Amino acid sequence: MLKQVIAQVKNLFPAPEVHAHCDGPCGVYDPASARVTAEAVVSMTKKIQDLEAPSDDDKAAMIAYHNTLSRYIAIKEEQAQKTKEDLLILWTDYFKPVHLEKYPDLHDTFWQAAKLCSACKVEVSTQHANELMDAVQKIHDIFWATKGRDVSFVKAS
Amino acid sequence: MLKQVIAQVKNLFPAPEVHAHCDGPCGVYDPASARVTAEAVVSMTKKIQDLEAPSDDDKAAMIAYHNTLSRYIAIKEEQAQKTKEDLLILWTDYFKPVHLEKYPDLHDTFWQAAKLCSACKVEVSTQHANELMDAVQKIHDIFWATKGRDVSFVKAS
Amino acid sequence: MLKQVIAQVKNLFPAPEVHAHCDGPCGVYDPASARVTAEAVVSMTKKIQDLEAPSDDDKAAMIAYHNTLSRYIAIKEEQAQKTKEDLLILWTDYFKPVHLEKYPDLHDTFWQAAKLCSACKVEVSTQHANELMDAVQKIHDIFWATKGRDVSFVKAS
Amino acid sequence: MLKQVIAQVKNLFPAPEVHAHCDGPCGVYDPASARVTAEAVVSMTKKIQDLEAPSDDDKAAMIAYHNTLSRYIAIKEEQAQKTKEDLLILWTDYFKPVHLEKYPDLHDTFWQAAKLCSACKVEVSTQHANELMDAVQKIHDIFWATKGRDVSFVKAS
Amino acid sequence: MLKQVIAQVKNLFPAPEVHAHCDGPCGVYDPASARVTAEAVVSMTKKIQDLEAPSDDDKAAMIAYHNTLSRYIAIKEEQAQKTKEDLLILWTDYFKPVHLEKYPDLHDTFWQAAKLCSACKVEVSTQHANELMDAVQKIHDIFWATKGRDVSFVKAS
Amino acid sequence: MLKQVIAQVKNLFPAPEVHAHCDGPCGVYDPASARVTAEAVVSMTKKIQDLEAPSDDDKAAMIAYHNTLSRYIAIKEEQAQKTKEDLLILWTDYFKPVHLEKYPDLHDTFWQAAKLCSACKVEVSTQHANELMDAVQKIHDIFWATKGRDVSFVKAS
């Protein structure tokens, strides 16, 4: 198996003259970025639900309401998309066959997490936003375990 | 009217617990976009390999060479990235658990294809560019099979 | 070597005073990308028209409705913009004076198509979305005719 | 109220069959943005030509040289692309059939200008960068003439 | 040649410990881009306020209204964001310590202007849109004064 | 309901005349994103310096070298730009006049940090990359102090 991994890494390895003997990836990967944007998804979902529509006959208030609602929906969309992208970078670039052997449900974990990002765009659902947060934390735990480090999952809010 | 909204929301719902029994997805998905960009990756890889460096003492030619080389590398990067994004949209949004049952190596197919996109960025490799093209064709075949249609894989060049 | 560079530069040269006598462009051009996004414009236009507003007093349904409506409008906008960009790349980079001689209304064809992309953003109009689809097919036909190939216009949906 | 909406929609309507008889477009259009980016293309072209390559055996200087050269080429590319986009927005959204009647070579003016943007990407050519600047000034003149205003073409540098 | 490279690198060097004594910046900076986008913010704010909601029972008109309103809000957001980015490029890249000595409230001027960009996103406020326009004009005046040029503040509309 | 909307709008209002007395900002802000990208700048700077140029007569190696070098420079550029954007969001949106009173050199701290981001693009300098890292840590410390939380500065590598 190790040979397959080495073959894989060599295959991908871009600096022709350098031979990589370590299993330590050369890039800077950190699930913290996905955690920040997933928190924003949770926050925007709640803010959307808490908005109160004004009465139809107060035009200025109605316009302010739609301005705020539109922006919240767009920010939720953007942050869910960024979460998806950051998670998929980990899946496609950081994780390697050797990790898959240790975490056989790795593919499914990322598939579910990515689908939750999509669900958080399509819906305004506290439940799915929270499930996305849990999925990000699960990936955080797997990620740092593969690097042999104990890093806390500290939320911004 | 409420029932229509509920039906609508259910229709869109991409979360894992919903089992899609129909073959008719609501969105417009088509591996053609990924095919076009993958072809560009193959083309740019070849163009980079075919470029000839001028002699060091012809400054204008050297500058033109670096301008062309830089641009080719940047276009290869961009097109490989777009290929990756388009493939992953299919994986995360179009394919559903019911497809996974029929194609048990679906996750791995996409993982390898995505890693080939990254390899085509990192390297200037005809072999990996061609393997990416094959991976896109494999996904094209699976995709149209799930929709019960027979669509040819027609390349632009 | 200098001659090769000169040949290379000439090859790439897209400026108006160079007359391209060959039908073999060096790049990968394919109207398929514009076709896929134009189909998405048609689809989103129809989905927006089919959405039913819930009653004002069902707050959760109203929020879900606005979330869906906002997203559909944003996706329509994005896909119409991508269609426009992909068509204009063909117009500015692929088509050359020699093609203009053969298709004297080439400029107008692209102008109308680009204006239809804008119309599909500004409006929610099935008629204009369908006209955009027709315009893309017309460009598809001209494009493949200039390359002497017979490529079918296969839609995704 | 319905009448106001209809008036509003008609106002915005950019589709080809509507003849705009007024000179007062509803949007904010200004060739100044394209002028600024075209100036940047001229500037970057000159900077690239003025860069001197260090000797091969000074590694730090060689790396600094490639860092600067790569960035200059990328900035030239980006600014030429933005110029193209800004010019094409004028062509597709601001200009209407009534203007075409008055300026029969309008399509060709924009086609040439767009092709010059591409030429400035492909090459490192002072001549084509200057021709692009002239093309932008020509469009500036036509644009303000259609609005009946006398606006100077003031360059930043 | 090495000396030229060193001179070149020093020329570009934007780090804080270098005191720029010359008024001749190497780049193309021009507040015109920020002025154009700020004008668009003013325009979109007014257009949003002028929109009239149709009656609830006219579904086609209601959909057209939401399409227009959503787009106006998104364009306002985008233009305010671009204004912010263009202003901050001036602040971080063009202005140097020597300018700060002459304009001691430079930091605050940009901070207020940036916060006005955010306010114009969050709100639909003519007052703040006009204040943003004034802030851009103030920066325009400072900018051209540092270059010893007298450039008029010519609006597009 | 109108009162709620007014309260909501006031809540969001970021304009300068509103004095924020609370420490509880409504958004999700976290310097972690800027920390991750700043680490990538440090990493890419070192990787660029460590690359060894092959001999001129090994064409394949030379092409691989330029592919890698171009990509590293582009990634350094992108990550430095993202760091700048993330830091400036904190400066323009999170920090309010009340914070400025407590941290009188707040503006200068962000100005220097932003200029370091630019320096890390322009140069390949370990010293400035490390100074950027220090600047991000300083901002991390100020940020969490304003929220009364003790959050460690944990690096990914």
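Each chain gets a letter, A, B, C, D, E and F, in the order it is written, and its residues are counted from 1.
We take it that contacts are C-beta pairs under 8 Å (C-beta built on N, C-alpha and C of every residue); 3 or more make two chains touch, one makes a residue touch a chain.
This structure is a prediction, so every number in the text was calculated from the model and none was measured.
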Review point. How many links in the shortest chain of touching chains run from chain A to chain E?
Key: 1
Review point. When you check each chain against chain A and chain B, which touch both of them?
Key: C, F
Study note, to complete from the structure: Relative to chain A, largest Cα-centroid distance belongs to chain D
Check your understanding: So how far apart, in whole Å, are chain C and chain D when each is placed at the average of its C-alpha atoms?
Key -> 21
Revision key, fill the gap. Between the Cα centroids of chain B and chain F the separation in whole angstrom comes to 31
Practice item. List, in ascending order, every residue of chain E touching at least 2 other chains. Key: 9, 12, 51, 53, 64, 68, 70, 74, 122-123
Check your understanding: Mapping chain-to-chain touches, which pattern fits: line, ring, star, complete or other?
Key -> other
Point to revise | Which chain pairs touch, all of them | key: A-B, A-C, A-E, A-F, B-C, B-D, B-F, C-D, C-E, D-E, D-F, E-F
Point to revise | Complex contacts: residues of chain C adjacent to chain B | key: 1-2, 4-5, 8-9, 12, 26-30, 32-33, 35-36, 39-40, 43, 47, 51-55, 58, 61, 64-65, 68, 151-152, 154, 156-157
Review point. Contact residues on chain B for chain A in the complex?
Key: 9, 12-16, 84, 88, 91-93, 107-108, 111, 114-115, 117-119, 122-123, 128
Exercise for review: Mind listing the chain A positions that touch chain C in their complex?
Suggested key: 48-49, 51, 53, 69-70, 73-74, 77, 121-124
Check your understanding: Which of the residues in chain B come into contact with chain D in the complex?
Key -> 56, 59-60, 62-64, 66-68, 70-71, 74
